[in-house]
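First the structure, then my questions, so here it is.
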Amino acid sequence: MNIFGRILRLASFGESHGAAIGGVLDGFPAGMDLDLLQVQQALDHRNPSQVLTGSGRLESDRIEFLSGIWQGKSLGTPIAFLIRNQDARSEDYAFLEKAFRPGHADDTWQAKYGIRDYRGGGRASARETAVRVAGGALARQLTDKIGIHISAYVSQIGTLRLEKPFEQIDSQNVYSYRTRCPDPAADAAMLSYLHRIREAGDSVGGVVECQVSRMPKGLGEPVFDKLTARLASAMMGINAARGFEMGQGFAAARMKGSEHNDQWMPDGTTRQNLCGGARGGISTGENLVFRVAFKPIPTIARTQALLVGSGVPAGESRLESAVLPGRHDVCCVPRAVSVVEAMTSLVLADMCLLARCSKAGLSEN
Amino acid sequence: MNIFGRILRLASFGESHGAAIGGVLDGFPAGMDLDLLQVQQALDHRNPSQVLTGSGRLESDRIEFLSGIWQGKSLGTPIAFLIRNQDARSEDYAFLEKAFRPGHADDTWQAKYGIRDYRGGGRASARETAVRVAGGALARQLTDKIGIHISAYVSQIGTLRLEKPFEQIDSQNVYSYRTRCPDPAADAAMLSYLHRIREAGDSVGGVVECQVSRMPKGLGEPVFDKLTARLASAMMGINAARGFEMGQGFAAARMKGSEHNDQWMPDGTTRQNLCGGARGGISTGENLVFRVAFKPIPTIARTQALLVGSGVPAGESRLESAVLPGRHDVCCVPRAVSVVEAMTSLVLADMCLLARCSKAGLSEN
Amino acid sequence: MNIFGRILRLASFGESHGAAIGGVLDGFPAGMDLDLLQVQQALDHRNPSQVLTGSGRLESDRIEFLSGIWQGKSLGTPIAFLIRNQDARSEDYAFLEKAFRPGHADDTWQAKYGIRDYRGGGRASARETAVRVAGGALARQLTDKIGIHISAYVSQIGTLRLEKPFEQIDSQNVYSYRTRCPDPAADAAMLSYLHRIREAGDSVGGVVECQVSRMPKGLGEPVFDKLTARLASAMMGINAARGFEMGQGFAAARMKGSEHNDQWMPDGTTRQNLCGGARGGISTGENLVFRVAFKPIPTIARTQALLVGSGVPAGESRLESAVLPGRHDVCCVPRAVSVVEAMTSLVLADMCLLARCSKAGLSEN
Amino acid sequence: MNIFGRILRLASFGESHGAAIGGVLDGFPAGMDLDLLQVQQALDHRNPSQVLTGSGRLESDRIEFLSGIWQGKSLGTPIAFLIRNQDARSEDYAFLEKAFRPGHADDTWQAKYGIRDYRGGGRASARETAVRVAGGALARQLTDKIGIHISAYVSQIGTLRLEKPFEQIDSQNVYSYRTRCPDPAADAAMLSYLHRIREAGDSVGGVVECQVSRMPKGLGEPVFDKLTARLASAMMGINAARGFEMGQGFAAARMKGSEHNDQWMPDGTTRQNLCGGARGGISTGENLVFRVAFKPIPTIARTQALLVGSGVPAGESRLESAVLPGRHDVCCVPRAVSVVEAMTSLVLADMCLLARCSKAGLSEN
């Protein structure tokens, strides 16, 4: 439910307008030097330029660490952290007590739990992803140490796609681009596009691509915890995610075996890495390549019909037109980049720990 | 690793050419009337017509139940079952001891475990999915009882797509179509297409779509076990799966909020169910709609280069051309339909059990 | 590791002299009215009279709730809470950097993790049990609602045993007795005994007994999560616990079947409840009866030999005599009473939720 | 429920008079040479001499391995095995359909599940422990490889206790003693005692002690999966277990700190190992010492009152006197020895695997 992972487990908590959001990261190995500024920096990266894409809400998102770290090192005990909620205009949301917005999860949460904190979307708010970013930034120090390099970036916003191959983009400086699309021309085009969307009072979807290089060979736990399955679970659990694909993904459905089969190079790598770095759910050692599709943010600055009534039973409801208040992004993918990186880090760190257990013959303890 | 689920848990075991494959389904509620013929029938459905799509291997797949059922009812104890392996021509695979096929998981399993049963692909073989089909067929009796209706079918083979909407296809009789595409014209076209692929010594990918109707509202466990995340994990854990999408999926990335937002109907449903039956990771009560992309089967009847050597270290390897022996399907999606249904059943049954725990105020015990 | 439970799961964090201790309670059903003063009261009950038994450290233990509760009700989302650490005299512990105390876990934590926060015992400190008390006090509101009544109390301190049967003691007012032994005469005798122990610079062990009345019949999940097994795990995970027994416990080993067999009453209860309320690991509906033995607190006000050296390798160590500084209880069982109740609440609430899943035929959702 | 362990997980299945019992052991490391005869031998050791202690039922218990092993080595995939049930006189149990025996779990299973396989006790039968013995015998090959030595034996039957210290008993040849009490004089006395109990138509309880030598230091996962907690859970989940204690156990409750504190030896071991090899829930490297108390077997050859009626509701029940048919041991502890060893092996193997994940700085993969 709110705990992710097998050995390295992140317990996430918090509502958007409650006292705080935060997490507990259990199973982090002891004795690691931790750079806590990197965690804060990852949180800052989740907050893109407010000019075009961001909501007006200033989330300074200062993280406080409560346990598990001492004298700069991990203790092997749970690492707890919290981020106080600030600048929450809860009064903007009072109308939601008895209204369900189109495209939001108001009605499903109400149906499931019979109660919901409707202020700012409560726990359904994408604000919760800050917890994943913080937890992932800790996990990433494990994967960094192993040598794994994780790089996500925006590859599509609406109908605009980045057409360059990974090798030709500026993947080292993703967070210096305002759209998180690491190509000057594409970034400019997307910014301009988002500007028009915003002026039209609309929002738009997009795609985040992630490439993981310097992968160890042998990560992933068939048959149910294949790397593909764990990554898919991690990505499709992110707010607004609607699709996940690995390697050729949906394009593979149109291909023939003679086209899709990775051809061996004499060194055991493949010519094109068409499988995206995992065969049989286990990493090949070549780059992991996967994409996550996100839907457009449902809150738009246009008149829409709300479902209004006293509660769940639809029979007592009516439709009512309104322009939704509140501050929202025009597109979620620039923010989603750091969340995709975080969840990737959590999955890979966990898989690295599990991989320590898959062979006999290691010197024990 | 080899156990799937949270309350209802399937432990799967078995290698393709070992003594048997099978499973243990723990957490199945007590007192249910079970129709074991339906389980056998689901296994039979996994074996499509051999003429065009099937491999030559005759898998009679007779299931034997070992525990958990008495006098036709579930006991609440683990339901164990096994399927003996038969008709295995292991000698076809002897060459694999020191050779890695292109597009297969030979090298990744070897790297991960340092050992593999290469006969028939060992545990990496899709034969293991028969266990999921059997476990899923049991779970389905739970979801059937709740009233949920699960229907998967082939919607694309190679470049041929079924263009009709769900309502116009013959979704009640999927298994009477040889390709599992429940439309007479599309089925005929796909059969002919597969025939040509087979004659060309090639294979091809495809897409399975699944629609689940009569869904309860409120299934799914945010934030990490959202229905989307659990389904994605289940589907991407199936052999050869390369992509998963829900509702509009990757198309949603190109849409605007004003297009993608589900418009309310006065009864609380939506005009188009664009979200595919889940918002915020919780079921809306409308049809679940999702698609799974599968890559082409890598074994083809053409000369390909194998990576041959004494073991993992690529430096000691060389390439060697060969036509792979063994019997294989020309396309996996007709078989995958029953696997997709099975995994859907396992996820939904588990979510139904978990949903019993999400609210207070139920009469306890 | 630091997460307890199956559906209702408590993630615990915090070191004794770190910033805070706290927890995240996931899986708590939505819509429950919560009395947060009861949680604070349970924490207060963990701090017994300082005069005779308590350490000098004043742990005001003010709890702050961070999430999961709104307008007095549970949201179905994780309930996070924290307790700031105060009044920590960390300088008392500086000598521990390179010294291992007898009877403590200094050396084992150092060996396991290669690092430890030695201030106040770090995470090995019994201070962590405050988190369990808080989490358990929340869980107890679930078991209270079901009607279950949990009552733990001190039944033995050193060689002094409470000989009265449960029915004759003042079990409703345990926390008004300074030793938590709810019998005026026994309480007075134990207080006097503890006084003498303290004056002798020593400490002493004891036993906590727990009786749970108004139990539902049918709780417990054979074969590995029997009620006996889950309770044993919960109790033996408490600091200083050395033994657990249920019903007749170790005395049952000396009995004959003709003596130990519970004789039926016509109403389906038994004459003596010799099994302590569980048969086959499932609750009978009669009182749960179990006992937990605690060892004496190892820190005593006497000269003892420490193992002193630069680290784990014993070869480089030497023995050095010292009187340990720091403030410690003379006996842990008065404090342990509230911890035993808390862990019992967590186990039973979890088992009640799991029991919702064990039968078919309930109306679903 | 029916799955035990965290990384190394045993799924157990089967009813006493169903088709088979068996298990699936997931998470076993790849590449281990496995001696399957040792597994069969462990099963044989569970069947003690029938003359005095055993039931008349001949359980030849031939194990069949179905998966996970190839060419004598573990594949890293699930190891499945089964034992067919034979020689089951189910007709002996027909009277149990509507009768609850004293001291048995008939009524609690019926209450929990609303249905039970009453033949031979169904899944509540101790026959299920054969699965644990087989799974434990596999796990033991892991702990053997690490160098750990596990030795359980009967230390008490009824009022007869083995008074010799561990060093003076014949712990290497436990299974050559008919009572599993490895001291010629005690074995003879206990045999004679059991003979008298049997002649009196009665049964009797007992205690199994286990000592584990050559332990690694640092096993156990605080705060909830301490070695003490995991062992307690494992032991209290065995049929008929009523108590668990470690080191001084309940005797520690009577001791003073000055008595119980382990005194250091200069090499970092302790003078007396009073803590039984675990401090703070983590192994010290000295011998693990723990004891499990078992109640007398409830089936005795005497007239007892059954609760007879149409089902659970006690109001419709009546008492009826009968001598129970069926074949049963006069004391369970000789059989329990191998079960205690098996569960110890499962716990320690799992803890050894988890310990691989607790420190950073190991070379990864």
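Annotations
By letter and in written order, the chains are A, B, C and D; residue numbering begins at 1 in each of them.
Just so we're on the same page, a contact is a pair of C-beta atoms (placed from the backbone, for glycine too) under 8 Å apart; a residue touches a chain by one contact, two chains touch by 3 or more.
Bear in mind that the values here come from a model prediction, so they are computed numbers and not experimental data.
If you take subunit A and subunit C together, the chains in touch with both are B, D. When chain centres are defined as mean Cα coordinates, A lies farthest from subunit D. On residue numbers, the B-D interface is repeated by A-C, which shares over half of its contact pairs, out of the options A-B, C-D or A-C. Chain centres here are Cα averages; for subunit C and subunit D they lie 26 Å apart. Taking each chain's centre as the mean of its C-alpha atoms, subunit B lies 46 Å from subunit C. Chain contacts: subunit D has residues 1-3, 12, 27, 30-31, 74, 76, 112-114, 123, 217-219, 354-355, 358-359, 361 touching two or more partner chains.
Contact residues on subunit B toward subunit A in their complex (touch as defined above): 1-4, 12, 100, 102-105, 107-109, 111-114, 123-124, 128, 156, 158-159, 197, 202-207, 217-226, 228-237, 239, 241-250, 252-264, 266-270, 275-276, 278-285, 293-300, 302, 304-307, 312, 314-315, 317-319, 354-355, 358-359, 361.
Within the complex formed with subunit B, the residues of subunit C that make contact are 7, 27, 29-32, 74, 76, 142, 145-146, 216-219, 352-362, 364-365. Of all residues in subunit D, only 1-3, 9, 11-15, 18-24, 26-27, 30-31, 64-68, 70, 73-80, 82, 112-117, 122-123 touch subunit B in the complex they form.
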